[in-house]
Amino acid sequence: MADYTLRELMTIAAAREIPDGAITFCGTGISMVAAMAAKHIHAPNSTIFFETGAIDSLLEELPLAVADPRVMYYTAVNGALTDAFAYMQNRKTGKQVVGIMGAAQIDCFGNLNSTVIGDYHEPKVRFSGSGGACDVASFVDHSLIFMQHEKRKFVNKVDYLTSPGWLDGAGGRERAGLTGKGPSKVITNMAIMGFDETSKRMVLDYYYPGITPEKILENMEFAVDISKAKELQPPTNNEIRILREKCDPQGLIL
Amino acid sequence: MTVKSEKLMALSSAIETFVTDGCHLSIGGFTVNRNPMGAVYEIIRQGRKKIHLYAHSNGQGVDELVGAGCVEKIEIAYAGNGRFAPTCIRFKRAVQNRSILVEDYSNYQMTLRFQAGAMGIPFLPTRSSLGTDIINKWGFSKKIRQEDPRIPDEKLIVGENPFKGWTDTKALVFVPAINPDVTIIHVQQADEHGTARIQGLTMADVEQAKAAKHLIVTCEELVSSDEMKSKPDTNQIPHFCVDAVVHLPWGAYPTACYNNYDYDPIFFNDYKIFASDDTLYQNYLDKFIHGTKNHQEFLDLIGGKRLQNIKADPRTGYAINLDRK
Amino acid sequence: MTVKSEKLMALSSAIETFVTDGCHLSIGGFTVNRNPMGAVYEIIRQGRKKIHLYAHSNGQGVDELVGAGCVEKIEIAYAGNGRFAPTCIRFKRAVQNRSILVEDYSNYQMTLRFQAGAMGIPFLPTRSSLGTDIINKWGFSKKIRQEDPRIPDEKLIVGENPFKGWTDTKALVFVPAINPDVTIIHVQQADEHGTARIQGLTMADVEQAKAAKHLIVTCEELVSSDEMKSKPDTNQIPHFCVDAVVHLPWGAYPTACYNNYDYDPIFFNDYKIFASDDTLYQNYLDKFIHGTKNHQEFLDLIGGKRLQNIKADPRTGYAINLDRK
Amino acid sequence: MADYTLRELMTIAAAREIPDGAITFCGTGISMVAAMAAKHIHAPNSTIFFETGAIDSLLEELPLAVADPRVMYYTAVNGALTDAFAYMQNRKTGKQVVGIMGAAQIDCFGNLNSTVIGDYHEPKVRFSGSGGACDVASFVDHSLIFMQHEKRKFVNKVDYLTSPGWLDGAGGRERAGLTGKGPSKVITNMAIMGFDETSKRMVLDYYYPGITPEKILENMEFAVDISKAKELQPPTNNEIRILREKCDPQGLIL
């Protein structure tokens, strides 16, 4: 078994969810490293793209923002925001997109808040806002969410619903007029959470080595079904090696 | 047939002429890239107030305009600066202090709003944000909206698909056009008549430029019309959209300008410290912005060594092996 | 990480696989320029019937598909071929004979319809055609529309501006999206994965390409991915939009392909004579299209001298001083 | 006085209507030559652009179609159809555009037919259709129309209204929701027709040397006010010289 950090484990867990042939939409930070890891490990035909319009960037160096000039070098197409989001909303290409997001709060249906804590007009804490997260969450069939597993983050009700998950559960997206699907997986520092096929409520899929399902429940405001949870396979030596040598050799993110 | 262009201006004149107190302003670029920073600093120097700012994700430019107290209201999708600021620090403070009013959109929505403005139509449709608080929660009250004819009476409207069921769509979000009083973009090359060329990603600059009532283009390099017209496939903005052309080398600094220079990690790391403390921030403004007469003096204060350090490698368009920790 | 692409096909296979009887087809180019003529001729050779064709202003390609009897219905803005045919001749005849059904739009409307398809939304708004018969007169009956789920139930819908009075607009025309079963475009360069580069004007090719359920790209030059990725600012279509890549030199002939060759005035002048008489036209089809196995044989029949004559001058991208009378 | 052909006279008459600084939208043929003539004679700061997306083309050789590769050489921007039409609909740039069109039929309010003669579903004669004509006629404030002066072309009612003129006269465009203005001038082989400021009905502005107002009326189905008509100033030697030497030296159009 490889020696690995929690952050590396999370990255690999996300990377494993990206199928070969996917068009991976990623933001800054760990999601970008996960997309790169997938491409280097098991999804060589996946395409990394950014909301800024860069398609299939080489990423010889790790970008620190989706508008970093490093995303513009040696791409298939350097486009614009109009193009990038249209690929997600487009009925042919959108179906191939895997979106990766993060947030400050998440509820049991995978709805995300990245805007404010507290009242919208008198916020206790202001965050960056949606960026492209609401867009990708609205459009695509396949999305992954990175979260820190804390009670104040896994909440009964998000203070502001920035990016749509499964909304109010079964049939919620259809009722609102959304065509894509809610999130597939939530990848945290303790577990991988999935969503029940029928009810669309969050469930525990995998707990990390050394973490109990009970500990996970303690770190959430709402309860989830833990009955089918299994322990996650730790990263392999090869996965960790590729992550360190090919994806973030300068240690800028991991 | 070539007439000496009256559009060619000094930065100070362009800002004085087109950027007024209370104007509706849009700036180009995206987080750490190609923000028209020279123009932003000049707006701060000239002490503009009560600006209504439109931005999708203009990290650094937004934070400095907000930090210097130029902004009253802002419509925005994302106020972060990549790894350097998950949330822009002065923006965060200003919203939490309620010294600015903010209204939230998604990045695609802001882009579509500029695109609608450029197309000369009142709105564009999308499915983005159905079922979310981006629709439900308005940053500006009905009253504020009605008082300023430049703001639509409603934020976003959810409507039916008039072609029932066409493309399997029932409902849509209609996002209203933006036509800023003035847009400022920084580009790699332009000629004196205003025809402009952006290298690398164009972000939403082209849509922002065409949506504006007045357009200021600052450029890294002022080139001949002959040079521009020899490679027209790589140009995006024709002269007739442009009101002022400003030759401003390093005009995007401290953000990056592809093929010219990278962003300056030292600046961003220092800025993070200044921005986190009100006194330090005032000192920063006093020294770097108000203490310099123009962009060249600002650059001199940064120093040639720092600039040299971020010069773009010709193969990749950025500074390879730059220390970005 | 480079995998041999399964998208690289012979033209005949690409047409056989994606262009079926009754399919909804869209072709790129504009009048005398960059029509995917090699593909058009192969469709004729393979005897496709009952095609539903979408075109803005594809002069030559449309006229040959219509003339050869491949087309049943057509949605179009302009069926002319510049000075060579104020109205395309076989098209004119087919409409007057009522052997094809035609529905009229404006050029911008057709463009917006492809753009809506590319954006994945049901419609786009414009003010174009308010008060005209383009709105009032439908080419396809309600019954025809309802029988084919690929045609919207209504042609165009006039609606109110949901943001009352915003941008001084009261009424708008909503133009419905097109998502063709297959789009075919001809480009200057592509790699085996499908990433494509158009030089000169892109017309509406990019929108048509992205709106399609299947996309065939024929290219003048098949280049390495390394070559494409070295100049990404000049590429428009990424590999993941593309289903088939066909290497087809002179693939736009007899229409022009900027930087490669001009249109052939001799061909167009001859075509005018052939097209004006049913027997002569049948002889033309028999000899030039059905009488040749593929595009190379067709080009051989035209002869190298004619091709040499229209080769592009490297400075201007067209054949200077070409006799175009 | 210069020796000139009727076609040259028409071209010059149109060119004179294009102000310096205009963005001239033109089609194939005589309208393109008129736009070039204006630029060479009195409007050096006008910009010729095409619906195909070419802006400020040099036109070293005369294009025979708006998609002719000759429009792509040495331009300010090579764009696309989406861009070109947006410049016309755009509230800032649209106001600067002068559109030049032709048609098969025109009525007394300047509405144009370029689609069919006869019934739409059983046409006697089919034409090319709108192309960009309906678009430019819908959007811009300033447009010029080239017509042959024949009774079957100046009709009481167009068989198909392809491109909006002043629609049903005063207030017609506003009622339909159009923001631009109807046509400014109709330039024929006999006369220059204008439109009454109030009623928006066609009036005779200028008759050509050698043509009487009565002859003009004989060639129209509907009557127009001829009371303010004057004889047109013929082209100058300089205008004709520039036309022949600079605009169409190969005699492809004129």
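To keep things simple, chains are lettered A, B, C and D as they appear, and every chain counts its residues starting from 1.
Here is the rule we use: contacts are C-beta pairs under 8 Å (C-beta built on N, C-alpha and C of every residue); 3 or more make two chains touch, one makes a residue touch a chain.
Source: prediction; values computed, not measured.
Asks: Give, as an integer number of Å, the spacing between the C-alpha centres of chain B and chain A.
Replies: Computed value for the inter-centroid distance: 28 Å.
Asks: Counting only Cα atoms for the centres, state how far chain A is from chain D in Å.
Replies: 56
Asks: Provide the C-alpha centroid distance between chain A and chain C, rounded to the nearest whole angstrom.
Replies: Roughly 40 Å separates the two chain centres.
Asks: Of all residues in chain B, which are in touch with two or more distinct other chains?
Replies: 119-121, 126-127, 167, 169, 172, 179, 200, 233
Asks: Two-or-more-chain contact residues of chain D, please, as numbers and ranges.
Replies: 72, 74, 78-79, 89, 91, 139 - these are the residues of chain D that touch more than one other chain.
Asks: Classify the chain contact graph as line, ring, star, complete or other.
Replies: The chain contacts form none of line, ring, star or complete graph.
Asks: What are all the chain pairs that meet the touch criterion?
Replies: A-B, A-C, B-C, B-D, C-D
Asks: So in the complex, the part of chain A that touches chain C is made up of which residues?
Replies: 23, 39, 44-45, 47, 49, 55-56, 58, 72, 74-79, 86-87, 89-94, 96, 139
Asks: Where on chain D is chain C touching in the complex?
Replies: That would be residues 28-29, 51-54, 60-61, 63-74, 78-82, 85, 89, 91, 115, 120-135, 138-139, 160-164, 167, 172-173, 176-179, 250, 252-253 of chain D.
Asks: With touch defined as at the start, can you tell me which chain B residues reach chain A in the complex?
Replies: That would be residues 29-34, 56-57, 59, 76-84, 86-88, 91-92, 95-96, 98, 102, 104-109, 111-112, 115, 126-134, 136-137, 139, 158, 167-172, 200-207, 256, 258, 262-263, 312, 316-318, 320-321, 324-325 of chain B.
Asks: State the interface residues of chain C toward chain A in the complex, per the touch definition above.
Replies: 1, 3, 118-121, 179, 195, 210, 212-213, 225, 228-230, 232-233, 235-241
Asks: Report the residues of chain B in contact with chain C in the complex, numbered from low to high.
Replies: For this pair, the touching residues of chain B are 117, 119-127, 152-154, 157, 159, 161-164, 166-167, 169, 172, 174, 176-177, 179, 199-200, 233-234.
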